[in-house]
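Two complexes are shown next, each including subunit A; its partner changes from subunit B in the first to subunit C in the second.
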Partner chain A sequence: MENMVNYDPSFAEEVFRDVDAGDEIKMCMNCGVCAGSCPLREHMDYPPRQIFGLIRAGKREEVLSSKAIMLCTSCYTCVVKCPRNIPVMDVMHGLAHYALKQGYVPRKDTASFGKEFWKQVYRLGRIDEKDLPRRVFFSGGLVEGIKAMLNFMDIGLRLMLHHRMKLLPERKIKGVKSLQKMLDKAEGLGKGGAAA
Partner chain B sequence: MKYFLYWGCSLEGTGANFLVSLKPVCEALGMEFEEIEDWNCCGASVSYAGANDLAIKVLNARNLAIAEGAAGHDIVAPCSSCYVQMIKVNHEIQEDPELLRQVNECLAEGGLSYGGGIKVRHIQDVLYNDVGVDKIKARVTKPLNGLKVAGYVGCQSVRPFGEYDSVNKPVVQDRLLEALGAEAVPFPRKIRCCGSGIFLPEIDYCMGLVKDILEDALNHGAQLISTVCPMCAMNLEMYQGRINEAYGTEFDLPVVYLSQLMAVAFGMDLKKDAALNYNVIPPEGILKAAVG
Partner chain C sequence: MDKKTAVYICTGCGIGDALDIEQLKEEGTEDFTIDITRDHPFLCGQEGVDLIKQDIEGEGINTVIIAACSHRVNYDLFNFGQGVIVQRVNLREQVAWSQPAGEEDTQMLAEDNLRIGCSQAKDTELPEPFKAEEEYSKDILVVGGGLAGMTAALETARAGYQAILVEREDRLGGFLGKMKKLITLPYKEVSEPGAEELIKAIEDEPKVKVYTSSTVEKISGGPGLYTVEIKSNGNGVSERVGAVVQATGWVPYDANKLGHLGYGKFKDVVTNVEMEEMAASGKITRPSDGSDAKNVLFIQCAGSRDPEHLPYCSSACCLVSMKQAGYVKEQNPEAVNYILYKDVRTVGQAEDFYRKAQNDGNIFIRGEAANVGEEGGKLFVEADDELLGERVKIEDLDLVVLAVGMVPASKPDTTPRIKAPADAEDADEDGMIEVVPDSGFFANSALNLDYRQGPELPTLKYGFPDSHFICFPYETRRTGVYSAGCIRRPMETAKAIDDAVGAAMKAIQCTEATAEGKAVHPRAGDTTYPEFNMQRCTQCKRCTEECPFGAINEDEEANPLPNPTRCRRCGVCMGACPERIISFKNYSVGMIGNMIKSVHVPEEDEEKPRVLCLICENDALPAVDMAGIKRMKWSPYVRFIPMRCLGSMNLVWIADSLSRGIDGILLLGCRHGDDYQCHFIKGSELAETRLSKVSETLDRLALESERVKFVEVGITDYHKIPAIIDEFMETIDEVGPNPYKGW
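Right, the complex of A and B next:
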C-alpha cells in the first residue's frame, strides 16, 4: 500500500451528484481537445481537461476557485469537438453555478454580470440592455460604478445616437408572476446544489 | 410560409438594425411572421450564474409551450443566442421523457404544458432551405457586384447540432451572400468566438479575440463584415476604437447584418429598410459604390 497515490473520490462524487451535467465528466479520457479548441484557454489557470483531472483527484478548492470555470464564452466549440460527446460547456456552467452557490467567486465581473442578468430575467421576464450594465457597474460600489460608467459612456452614447438603445425602461411581461412560479419550482426540483 | 418570429431582447435594442431590416426583407420573400404572445428572454449565455439548469430550460420551455398552444408554426430566431438556447432545450426535452415530465411539472405552475411538438430554426436555415437561393437571387435588383464580404458566422448560429449547416465549415451564409452578388471571401476565423455574452465583463481577454477576427477578415480582402448575431455585431463593431487603442491597430471596418445587405440588394430604402444609419461605422459609402 505504500506506493499508492491517495485520491479522494468524495469531491468527484459531489460533482457527479450535485453539479448540473457533472456526471458527464465520467466519459472524459483527458485528450485535451476541449482545451485546444477553447478561445480563452490562454487566460485559464486550468483548461477544462485539467479541471476534470483535478475533480478526479479530489482538489475541491482548486476547482471551485479556478477562474477557468467562469471564462466560458458559450461558443460550443468544445461541445462539437469532444470525441466522447461530453457537453464540456454545460459542465463548466454547472461548475460555475455550483461554485457561486458554495460562496466562491471564480471571476468577479462575470459573476456579477451573470447574477444581475438572471435577476433581471426573473424580475421582468426580459432583459433591459440599458439597465443591466448600470446594475453591474454599480454592484461593486458607488466609486467603482461611476468609474465604469464613465469608461463605457462613449459606447452607450454612440448606441443611443444610432437608435440602438431603447429609451424607455423595459416593462415586465404580462405573465411575469406565473413565470416566477415556474422558475421557483425548477429551482427546487433541479440540481445545482443548495447554498453553503 | 408562416412562422413565429422570436426576436428576443437584443433586437429591440443594440441589435435593432437586424430586426428593422429583417422584417421588410422577409416580407418581400413571402414570409409571414407572428409574435409569440408575451414571450420571455431566453436566458442567453450567463444565466447559469443565478439559475440552475432546469430553471433555464423551463424559461425556454415557456416560449415553446405558448407557441405550441397557439398556431404551432416553426419558431424562427434571428438572434443566435436565442436560437441556441431554445433549440438546445427543445432537443433535450424531445430526447428525454423524464426531463419533459419535470419541465411540465414546472410549467404547470403557470398553467402551461409542452408536448415537444415545435421546431426551432435559425433565420439562415429558413432563408436557405425554405425560401432558397434562387428566389433570393430573383428578388435582387441592385446586386452587390463583387463586394468582398467576410461572412462571420460566429458560434451559436450553427452549433451545437449542425441542423442546417456544418458546425466546423459552415457555408450557408456565404451562399446567401453570393446570391446577393457579393464575393464571400474565405475567412478561417469565421467560426472563432468573439467573446459573445461575456465580452463586457471580460473585455481585457476578449478584445484579443475580436482583433484576430478583424485582422483575418482584412487579410482576406474583406471590405466589410456581415453577421447574423447581435452579440457578434456589437462586439465586432463597437469596440474597434478600444482595440485600436490597445493594440495600435487602425481598424475601421463596417459590420452589418446579412439582412441589411439583403435590403440593399433588394433595392430597398437605405435608411427605412436597410437601417444603415443604425451602424456606428458607416457602411453607406462602400455599399453605394458597390451597387452603383
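Right, the complex of A and C next:
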C-alpha cells in the first residue's frame, strides 16, 4: 500500500526525552476528551489526540509542522477534563517550542507574536498594549503593518477612550532584574525547548 | 386437618374509607364457613396482631385470612408459626389505593378479592416437608481443581463441610499452576501465582478429599442425595454428596482457526497461553530460531468480539497481555512492546495496571490487525490504525502474541448430532439432527448427570451454563449444581475466587435447605412439593420434558419419576399435565379453579364485565402492587389470581372461566427469550406456547380469540400496568359481553 505508515518508536522516544511534558503522552488512552472539549478544534489540522497518535507512529514531520500545536490558547479545558490527568496544554506548548527550536515554523504570526510577547515580558516585566501589536503587525513589512493597524483602529480608539491603553510607553516594573533572574532559571529547568 | 377459619379486615391505610366494611364482611364470606369475622383499624400494630394471636390460642383458630395489605409486606408480623395457615387478601394496593372510594365497583372488587382468598384458604392444606428415605448428605463435590475449584473446596471445608475435589489431571493447579506471575488485586504489580500454597493448604485440610487423575462418571439422585461415581486412576469409587460445584474452567480459543493472523503459518506467532508457558519455563525466545525476543507485538481480541469466532469479550486478555509485556521488558529493558487493541478493558481497579503498562513505555495502538507477514526473518503486522485513520505497518518484530479468548471447557468443538425425532423437519439423510444448543447434551461431559434431560448443565449462550447473570449468578438449571469460575463466564483470577466462594456457599445452603425439606432459590424455604397421582398418569411425558430443572426422570414405560429434592416448586409440571394429576398442598389446579369460580359474575344487563388476570407473583404482581402504591388507577373489573410462575398455568382454567361468563383473560408474565427474566427460566415462554393452543378451546366455545391475551411485564414496568389493563378492557368492550353469562 502506498501511503502506509511505518511505525517507528524513535520519534516517540525523542519526544519523551526532549520535549517539555513530552513523557506525559505515554499515559494517553485515546479517549478524545481533549479534542472534544477544545474550543479551537475546528481550526486544528490534527486534534491533540491525533497529535499523540502521530507521535507514537513516529510521524515527526507531520507533528512538528502541524498548526495545531501552535493554536493552543491555554484555556486549560483539556487539562481539566483529561481523565488521565495529562497536561495536554503543556504538551502542546512543549511541542510548539520544540518545533521552533528544530527550525519548524508551523504558524508564522503565532510564532512572531510569541517571540515579541516573551521579549517584552522579559524586558519590561509587563506588556505594552500598543508596542506589542505594533511590533507584531509590522513584522511582515510596512504595507502589511498599515493594513493591520487600520483593521484594529476601532479597537485601539476605544481602548484609549476607556483609559485601557496609554499614549506614553510603559515603564519597567520594579525589580525587573529579579524577574529576569527567575525567568532565566525557569528556562534552565525545562528540557531546553522553551524559546526565549 | 379440621379448619377453624377467621377473617380479619384491616380498616387502616384508607381501606375503611374506601369500603363498606360491614357489607364486605357479609358478602365476602357468605359462601364459606367462617368462624370469626373481625375488623381492626390497625391490624399490623401490636394490638391487631395480639387480637389474632388471642383468637388462635383462645378460639383454636388455625386458618387466618387477613384482608389488608399486599402479601409482600408485613409477612413477618403475620406469621403465626408452622401450624397456622395464613391467607392474605389484598384490599390496599389493589383496591383502596387504586380504585375510587365508596363506589359500587370498588366494593364488588373487594368482595371478590375476599371470596378468592376464602376459597384459597379453604383448599390450602398444611405442607409437610419432603423427607427422603435415605440419609441426606451435606458434603460438597467440587469438579475441577483449578483456582476456582480449589478455592471452592477450601471454603467449603473452612465453613465446616466436607469437600470432595475431583481433578482430571494428575495434579491440582489448573491454569494457575502454569502461570509465571499473577496480576490481581490491587492491580499495582504482578505477584506470585500462589498455586503451590493453595495446593499445600488443600493437602493440609482434613475436610478436603482430593481425587486427581479422576473423572466423574455419573451423578445420580438429587440434591442431598447425589451418588457420584468417580473413576480415579482407573478404579471406580462411589461417594455420596449433597450438592455439586462445577469449576471445570476454560480452554483457550483454538488458534488454528486464526490463520489470518499468521498462526500456524509463522512459528513466531504464538498464543497468550503459549507465551505464558514459555515465560514460566524461563526465557522468552523466538520459537523459529531460539534467539531472545526483543520486539513483541500483542494482538488483542484475537478472534474475540468477532462474530466469526468468539462474539464475546473474555475480559482478562487485556490484563494478561500487559502482564506479559512486563515479562519482555524484564528480560530486556530495551525491548519494545506494541499492544494492538480494539478497546482496552481493564475494569475497576485494574485500570491501575493499565496505567503502569503505559508508564513503562509500552506502545498501545488502537486498531485492528489486517495482516501478519514475514520480511527478512522478522515479522511485520499491518493494521488499521483507528486514530490515524490509516493503514500502518509495524516491522522488525520478533514475536507476535495472539491474545485469544476463553471458551468454556464444557463446550465441544463440534455440535453433536443425535437421532432426530420422527417429526423433525431439518433431519439429514441418516435421520440425524444437530443438538439444540441449550440442551444438556450440548456439552463435553464433566458431570454426567443421570437426568432425563441430558448429562450436563444446559447452556444459554456461547456454551456457558445458563444462569441469571445479575440476580442469581451461581444458580444453574440443575438444582444443587452451581457453576463457578470461567465455566460460568470468562473472568480473571480475582473474580474467579469470588465466584468460587459464592458457589460454595450456595451449595452449602442447598444441602441445608434440602435436608429440611425446603426449596432453594427462588422459592427459598417453601416446604411444599409436587405430588403425583400416578393412577391417572397417561405417560404423555409433558412434565418430564417441560420441567425447566430436569427434576423429573422417566422409567422405560415413560412413567414420571419425580425427584422432589431437585424441584424448585415452580409448578410448570402442574401446568403441563393434561390429566391434572400434579398438585401441591397449597397450590393445585382444583384450588385455582375454585378461586376462579368464587368470583361473582354479574348478569349481562348490568354491563359490568369481568376480566381475570392470571399474574406471575415474582415480577408482575409486585409491579401491580407498585402501581397501587403510586396511586395509579385502573379498571375495577379485573380480578387478579397470583401464579407461582405463569408456566404453572393450566389451560383448563381458561376454558372454565370463559364458560362461566368471564369476559376476558389477561396473562401477565415475565419477559422471555435470550434475556429472559422468568425466575423459572422457561415458565412464561411455556405459558405463551400453551396459549397458542387455546384457540381450539375458544373455537369450541365459539368465542373470539381476542378474549385471551398474554403480556410480558418486567418488575420495572409498573407504570405501564394501567395502560395494559385499559387497553385490554377496550378490546373486551369491542368484542362485547361473553354470551355464556348466567349459564
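In the analysis below, the second predicted complex is superposed on the first by the 177 of 196 C-alpha atoms of A that agree within 3 Å, B and C clash if a C-alpha of one lies under 4 Å from a C-alpha of the other, contacts with A are read in each partner's own complex, and residues count from 1 in each chain.
The working rule: a residue touches a chain if its C-beta (ideal position, glycine included) is under 8 Å from a C-beta of that chain, and two chains touch if they have at least 3 such contacts.
Computed from a prediction, not measured in an experiment: that's the story for all the values here.
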Contacts of A:P133 with subunit B and subunit C, given as first, second, both or neither: first
Subunit B versus subunit C as contact partner of A:L150, first or second or both or neither: neither
Touched partner set for A:N30, first subunit B, second subunit C, both or neither: second
Touched partner set for A:H163, first subunit B, second subunit C, both or neither: first
A:H93 touches, of subunit B and subunit C: first, second, both or neither? first
Subunit A: partner with more touched residues, subunit B or subunit C: B
Contacts of A:E187 with subunit B and subunit C, given as first, second, both or neither: first
Partner chain in contact with A:R56 - subunit B first, subunit C second, else both or neither: second
Shared subunit A surface residues [contacts with subunit B and with subunit C]: none
Interfacial residue positions of subunit B with respect to subunit A in the complex: 9-10, 12-17, 38-41, 43-55, 57-59, 62, 84, 102-103, 105-107, 109-112, 154-156, 159-160, 162, 167-168, 191-193, 195-198, 200-202, 205-206, 209, 238-239, 241, 275, 277-280
Contact set on subunit A toward subunit B in their complex: 20-21, 39-40, 43, 70-77, 79-80, 87, 90, 93-94, 96-97, 100, 107, 109-115, 117-119, 121-122, 125-130, 133, 136, 152, 154-155, 158-159, 162-166, 170, 173-175, 178-179, 181-187, 189-192
Interface residues, subunit A side, partner subunit C - complex: 1, 3-7, 9, 12, 16, 26-30, 49-50, 53-54, 56-57, 84
Footprint of subunit A on subunit C - complex, ascending: 336, 338, 344, 354-355, 358-359, 361, 363-366, 382, 385, 387-388, 390-395
